[in-house]
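Dropping the structures in below, format is structure tokens.
Common to both upcoming complexes is chain A, partnered first by chain B, then by chain C.
Up next, the complex of A and B:
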């Protein structure tokens, strides 16, 4: 009985458990290298995690509808490249317009994917795989195979990543705004709830009058728009845009969602969880080099942690379901 | 309702025969051949056509098990990482003093183990989707490859090893010959054996096949292990062709392979598709790549072409499936009337 209580507790406060794990990890890292929990390092870490958070929030909605989007790395690169080329041609362009341009390009990519998934009915994994290739190729094509380097970009553009709004770094500020928006959107709007309804049972959702195609379009367009935004931020942060920018980053984003407790079978996922999942990867990225773990071990360690988290999750879920069944019998 | 027997051999119909997706792929190959030979006068001869296969066939070995996996409505995105890990372990054990022959065996074992582990996780945790499991192992396997070799490369293989990459048997490249033999083997396995029928059954309805006594778990384990073994074979050919290996080899191979399988007309909804289609798709993409190389179009442009081709082919397949549903419902209604 005590065990089952514990399990129910853990499953209810999954996010708390994740937070606990992050804190323990942080303490261990801090113990080994006191430079970890300094203000400078923490703000660095936040800056580095901001883009991952933005993308993971969008990916959460896609995963909740039982979809997946493998094209976001390429969408990010394409909109980053187009924006970088534009600002290097028109150095006077306001950073706001640059961000807007990135969002528009990204949304256009998202609309294409949304159409393929909703109207044509291609499985998301295949459609986004095809588009990933196409967008990646277009990035090389648009850029002529060249980089756009730091000296070609105006200072105002590079300033997006280094400037502050209300004393907070702009990247972090944007991530916070998007987080708050998502928190409200997902929990308090009808459309937000429809996304979850569609994900947990597509058939009954359609029967109850939810326009599935509209929801799919919305989710993928939103994901595309966020990827576009992330593309501008990425290029501004690294002050260079290349054909292979963020290649394979979609997997990191999906990993953050999975760590955050989003189910790839749809219908399940919390905004807070995703944020913590992204933070966990951020702490690992930032902390492991600080305690002299070879950067080449990082990927393996991340792999083990993701696998353990996934298996742990299903074990807990299994036990909870078993307990529920037991209770029903009694 | 009259009782209706379903023939286990469908009646031959010319219309159905000609409407097969494979003809479309053959037409594509012919178009590519015509375009290629109009670009380069050196393209259209036996040596050139058969030698070109050496450049693109290595990853094609994974296509065979991937067809089965996708027919079972699963997916394996860890195969690229498996290639890297198998290749890295092979090179490392060889350089640690193991004879090359044994290192190749070790490579195959590592591949089998990686595939088995995927299958084991999927069977043990049925509620986990293959996307999650193989995504995790994809990161894990490549991570282990990085742990072993870090930023180094490993090579110095004996000279006979390069035979896998560049060798001939008579006038035919060794890799092409092995590909054809394995293609026939896998096609027979999928289309002519009980095992193959069971793979289709699992894809059409896993629960129903479980209740009808199909050993779903065992078949999944076997197919995923096969995927690992084929990834190891890819690793051998790839390593032999390049002469050395690094942890970042075979990056994104899984996506190329899945693209080939989807282009080959294997329905992503499971239960449908033929080995032949995927094999033809290998050559479509391979010769397309070769042709674009002939006119100096950068490899990145090929990405656009493959992406568009993939989406277009799946779209056409989807429309085709929809059309089939229509015709079948029509014939049903006719039966009801009679």
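Up next, the complex of A and C:
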């Protein structure tokens, strides 16, 4: 009884620890540059972190099933490029349809990966690595090597990233909606719990009647759809679409998940944790330029923080596992 | 059955990747890299290697190069690695050496890193020249420079001084901290700032956006937060200048903070028209490639050897002379071209 209380305490402490870490970091940055905790800067930070949050939530589900998706940066670029080309050809297109188009393209990419992983049984890391190159190549091909620039996009499309809904920036608003959906989905739906069951023990999950292929298809399609959405938001936010948009961004997204306590070994990951993980990276991206550290240090500091978080995660995990073993003996 | 399916899907994936890679590394050379030497001895083959694929500036540069080589009746080979790395370029140069092309024009990803492979190429009798982004003097016969780095650095300070009436804080938003082009221009900007004319202008920070959209935006926002009185941002890189202009447009700071520097007209058209950037500069990549093409031809014909004082004719552009630099020799295209609200409309569709 006491032991299980301890587990609960420790696993709760993980998120508290992350939150505490962010607060300490914020205080340090604020101390070095008082411009940090201003309304303007915080709103910049939220806007810049929204896309990362959206992607990290999708990636969490993929990681929970013991998978990984390295193709999301390329999917993002492809759907962003296709949408940008479409709105430049049809400037009258409603922004909603533009977003829908991005989601459809992204989902299609996700379905391909899902099929490869579930039906064909290729390791997710290999399948997504292959598709990453294929999608990136397609982005160059679709765009003909050219960029789509700000003047080619209608104002309504660029307005997606700058407009407000209920007084909240649209990017942040969309991220909040997706967060709420995920929170409900993973905690309160049968499918949501099946994802975790499959991740923590695939064999017993299959025996207990969970359709593994269906779950794999679902998580990769969802991830693709979110990447497609993020692609539209990205292109709208920066008002430019290039062949190498978000190149390497998948690693930032995976880093946010790991910081948030998602285990690469599957089965473990909380929505709140992922949100905090993305925030931590957001604070670093926003804060480090403010305190004027040299660009060499900037990368180094980010790396060290990620390492510390991973070490912390492993320590906690060891404790929990040891605890589980003890219980089984008794 | 299942195994067979796995195998065939793996095969498809593998082929897709190959196709994707081929597309990226191949660029637009599909019809040019054909069978070697079958066209007779007269047709020379001139290769150009850009930094990476999918860069509009590079596409236009290679287009100019191809035009020049085609005018001369030779064959142009256009190549670029899919990532802007030295390794990618070395691999392409090795391939070109074994194909025994007549000249290689390199837009270097690194100043010193390509020396071994380029020296090897020169030992095999291939004429090597660099364009736009130089390689060191020992790795090339001549460098084709868009404009004098000194002129590029100084002209941006002159422009910014005029925009802010010679008074106020300015910041620089560059590409990566190791980018040799940008660093050289920034050095010249700092030299120019020492003149008494600019005593009221203060350069408060040099930020690095790494030519990434998201990072350039964060850095611009940080500059605006840290220096509320900031009057101008100079960004001598396309992604940086467009990202900075976008942030200033979104925050409604038109007129309060001006942006100038070097950028692609297509990327900057929006912000030159809305007044965030009164004007900015860039050289003409088509002309640069065209000049490089004629220089490559002149070298391969042994009309010039890359020595100071050599002159050659570059088609429509007229005559050019090889001049001396600190490291090797170079040919200068001319002053950077100014893009302002009057001419941006005709240029935005070009590149």
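Please note the rule applied: the second predicted complex is superposed on the first by the 306 of 330 C-alpha atoms of A that agree within 3 Å, B and C clash if a C-alpha of one lies under 4 Å from a C-alpha of the other, contacts with A are read in each partner's own complex, and residues count from 1 in each chain.
Everything below uses one rule, namely that a residue touches a chain if its C-beta (ideal position, glycine included) is under 8 Å from a C-beta of that chain, and two chains touch if they have at least 3 such contacts.
Note that the coordinates shown come from a computational prediction; the quantities given were computed from them, not determined experimentally.
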What does the overlay on chain A give for chain B and chain C, a clash or a fit? clash
Looking at the overlay, does A:16 come into contact with chain B only (first), chain C only (second), both, or neither? neither
With both complexes overlaid on chain A, does A:165 touch chain B (first), chain C (second), both or neither? neither
Touching A:306 in the superposition: chain B (first), chain C (second), both, neither? first
On the A-aligned overlay, A:24 touches which partner chain: chain B = first, chain C = second, or both, or neither? neither
After the superposition on A, what does A:242 contact: first (chain B), second (chain C), both or neither? second
Does the superposition put A:289 against chain B (first), chain C (second), both, or neither? second
Between chain B (first) and chain C (second), which, if any, makes contact with A:40: first, second, both or neither? second
Mind working out whether A:180 is in touch with chain B, chain C, both or neither, as first, second, both or neither? neither
Is A:48 contacted by the first partner chain B, the second partner chain C, both or neither? second
In the superposed model, where does chain C crash into chain B, at 55-63, 109-117 or 325-333? 109-117
Interface residues of chain A shared between complexes with chain B and chain C: 116, 120-122, 126-127, 130-131, 133-134, 136-138, 140-141, 145, 243, 294, 296
Chain C contact footprint on chain A (complex, rising order): 33, 35-36, 38, 40-41, 44, 48, 116, 119-122, 126-127, 130-131, 133-134, 136-138, 140-141, 143, 145-147, 149-152, 162, 234, 238-240, 242-245, 285-286, 289-290, 292, 294-296
State the interface residues of chain C toward chain A in the complex, per the touch definition above. 2, 5-6, 9-10, 13-14, 16-17, 19-21, 23-24, 27-28, 52-56, 59, 176-177, 205, 207-208, 210, 213-215, 217-219, 221-223, 225-226, 228, 242-243, 246, 250, 264, 266-267, 269-271, 273, 348
For the complex, which residues does chain A have touching chain B? 68, 70, 116, 120-123, 125-127, 129-141, 145, 243, 248, 251, 254-255, 258, 264-265, 294, 296-304, 306-307, 310-311, 314, 317-318
Within their complex, chain B touches chain A through residues 75, 121, 125, 127-129, 131-133, 135-144, 146-147, 150-151, 247, 251-252, 255, 258-259, 262, 268-269, 298, 300-308, 310-311, 314-315, 318
